[in-house]
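Got a structure for you, written out below as structure tokens; questions coming shortly.
Chain lettering (A, B and C) follows the sequence in which the chains are written, and residue indices restart at 1 in each chain.
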Amino acid sequence: MHEIVTSGFLFPNDLHAHWSVMIVLYPYITGLVAGAFIVSSLYHVFGIKELKPVARFSLVAAFAFLLFACTPLLFHLGHPERALNIMLTPKFTSAMSGFGYIYSFYLVIVLLEIWFVYRPEIIRRARETQGPLKALYWCLALGSLNDTEAALALDHKIIKVLAAIGIPAACILHGYVGFLFGSLKSNPWWSSPLMPVIFLLSAIVSGISILIISYWLVCRFTSLKLDTACLTVMFKYLWAFFILDVALEGLELLTHIYESHEEWHIVSRMLSERLGFSFYILQLGICSVIPLIVLGFVVLKKMPDTIRIRLGLICSALILVQVLAMRWNVIVGGQLFSKSLRGLTSYTPGILGREGLLIALVLFVMPFVVMYVFNLILPLFNKETETQQQ
Amino acid sequence: MKTYDHIIRFTLLIIVAIIGFSIVRAYMVPDSFGMQGSYTYAYYRAESADEQAALPPAYQGTEHCADCHAPQASMLQANAHAQLDCESCHGSFKAHNNNTKDRMAVGDTVDACMLCHADLRARPAQFPQIESFAAHVAQQGDELLPGMTCATCHDPHAPM
Amino acid sequence: MKHDRREFIRKAGWTFIGSGLYINLFSVGSTLAGPGSCAPQNLFAFIVDTETCIGCGKCVAACRTENSVPADNFRTWVERYTILNNGSVEVDSPHGGELGFAPVSFNKTDIQKSFFVPKLCNHCRKPNCVQVCPVGATYVSPEGFVLVDEKRCIGCSYCMQACPYSARFMNPVTHVADKCTWCYHRIRQGKTAACVQVCPVGARLLGRVDDENGPVARLLKARRLQVLKPETGNEPMVFYIGLAKEVH
């Protein structure tokens, strides 16, 4: 146990931050889902052809992150065995209660879209393989090896519809996570109508960033050829969304400072005394300013592709840190001052333990393991067919 | 093979999942769970309130103590400490039930009295307070003797 | 008979979308009409007199015994405010005031005023801790007491975040949300709350608002009372006599 450092007067029940690093991880992973899904929809719905190389990958990434989106919550709950209560007896006046249903709905949408996208591939393998593998692919195809032209045309339409439904669903899924904090009138650092929008935009930028980095890493360490045009388009969208994201975060802070409500004195003290590094230096400073400027050059200026990619990758990594810092500053920051508005407490996550950093790290890595396993069964990137089509 | 053959299959799969969940839900939600009034504030398991109402109280009140300790109780109620309850100083009756017969004597110490009567700026000015035990004894013109406590001069059940 | 039929309908028909819609239809009605419109009756009110409280902490100790409150957690606590002539406000509550208070170290002449403020759950008319509970594990009882169903609570801590008074805590033994119940069990059994019973100066009162001869109803009528953080719109049912502006 880390020692808790307090200053000023805290209400006696305000000593501990109830929402730990697990609750920081939860919106972070959920955000990656939303962002990755938006990228796949840019291809499937909005027809951004350059994104074709990552269209499948982004969909599967969204699915993999989605699978683990609620695991941090299970590690945090006082009674994880009762977690299903949220679906058995949901009370919809609670922002949290929607989670079970929105999550399930979204999971079904993503699963279906993946299924339709991969159906030709599944069927082909069901025909070509033998033994247990054949059985596996046959099961994945739900026993229907129907790949007539009419069926595939129908599939194509359904994919479009699913992707179209998926966009608002992704926005709701993540906007609602922001609402969960933004709707709490008891907390001056959370209560803000901008919160859902900021969460949504930061979700999108973090999702695009993780796709950029993963895609580059896969190309770097396998024989897959990196598609520069695809990366460039992703940089473009990343920059556009990031401008909006940082602008809104800045506007929110500006409003707080300018209005200077009764609570602001303690919130500002909390920010400078407890989150000086993660808020001012990381979130607002290094990780916002550098990507904003450098991505601008990456997108607008002529330069050799290798340099463009290097710079873009650095910006993506910084943005991933920025979003993580933002989640931390919102969630932990909101609990570091007492509702007495007279005192500060501290929070340091442990390394081991149920809500420690080790488990957080494992939970964050698990989606990549899922992607790896998925890739063993069905390819994330389709080399042959893509070159054939072109 | 129909064009939408595979679509029928997954639709069936989803329907089965929904029915499965509905069955689980029906069996796992307690019977008394539901709206007992407003949805926002009274959507709960009705039995919960009655379960809590049945919890055994620890504190019983002076009337209960008076069943056995009538003289002390009436003395308390007739004097300056009338607003006090037996259990204010003696602690909860739970520690004194029939099985244990544990005694509930207040340690005959100055500290027990000073908890209320020490001079604190935050206390109402008219409330009787003393700066310290020694100062109070001196103020009364008495000599501070070893073993002396508040109870040497004041009977806690009838202090004034 | 009626029960059997309801049971049958419930087990036979509810799909999860159906149940969601069903609940939603009901909820929309009640939320749009404003939470107060069909809120349970608030039959009880709690009155705290900060002008008589002596800060002995007996209420905190009695509450701990009565409700088996784990150490370091508080269903009720006592704060001491010391307001200095230079305008600065010092607040302390060592051990929640359970062991009493030591004299302050300030110069007597520097102190403008000083007083104690006992705190407890406000059992609000529109409690947003209840509003945010995702599973219906905290609720307002028919008498207007805000309670926790420790058999349904999943321990998500959302209610603790929502309470503007920090009246709730995570019980380290039961791993569910815990808070002052205004000694609901004692009230239902015809007693008063443990803290009220042991208070040596009568600084705490709990009683029915509709009992015209009762002390609570009389005080509500006779005195001008304040509540904590009225701006939250929660409509607290703990009323304070002599509450200073420095108190949050």
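Note that contacts are C-beta pairs under 8 Å (C-beta built on N, C-alpha and C of every residue); 3 or more make two chains touch, one makes a residue touch a chain.
Everything quoted here is computed from the prediction, not taken from an experiment.
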Item to complete: By the contact definition above, name the pair with the higher C-beta contact count: B-C or A-C.
Response: B-C
Worksheet entry | Chain occupying the middle, per Cα centroid | C
Worksheet item: Roughly how far is subunit A from subunit B, going centre to centre by Cα mean, in whole Å?
Response: 46
Discussion item. From the mean C-alpha coordinate of subunit B to that of subunit C, what's the distance rounded to whole Å?
Written reply: 14
Practice prompt. Please report how many Å separate the Cα centroid of subunit A from that of subunit C, as a whole number.
Written response: 38
Discussion item. I need the residues of subunit C touching at least two other chains; which ones are they?
Written reply: 16, 23, 27, 31, 131, 136-137, 152
Practice prompt. Could you list the positions in subunit B whose residues touch two or more of the other chains?
Written response: 21, 25, 33, 39-40, 43
Worksheet item: Where in subunit A do residues touch two or more other chains at once?
Response: 87-89, 91, 93
Worksheet, complete the sentence: The residues of subunit A that touch subunit B in their complex are 84, 87-89, 91, 93, 108, 112, 115, 119, 141-144, 146, 148, 150-151, 154, 158
Worksheet entry | For the subunit A and subunit C complex, residues of the former touching the latter | 9, 11-16, 18-19, 73, 76-80, 82-83, 85-97, 99, 101, 180, 184-187, 334-335, 338-342
Response to the item:
In their shared complex, subunit B is touched by residues of subunit C numbered 7, 10-11, 13-19, 23, 26-27, 29-31, 35, 37-40, 51-52, 54-58, 62, 65-66, 80-82, 100-101, 103-104, 108, 111, 114-116, 126-127, 130-131, 136-142, 147, 149, 151-152, 181, 183-186, 188-189, 191, 194, 197-202
Fill in: subunit B residues touching subunit A - in the complex, by the definition given at the top
1-7, 9-10, 13-14, 21, 24-25, 28-29, 33, 39-40, 43
Discussion item. Quick check: in the complex, which residue numbers of subunit C touch subunit A?
Written reply: 16, 20, 23-24, 27, 31, 72-74, 77, 79, 89-93, 96, 119, 128, 131-137, 152-158, 160-170, 174-176, 232-233, 248
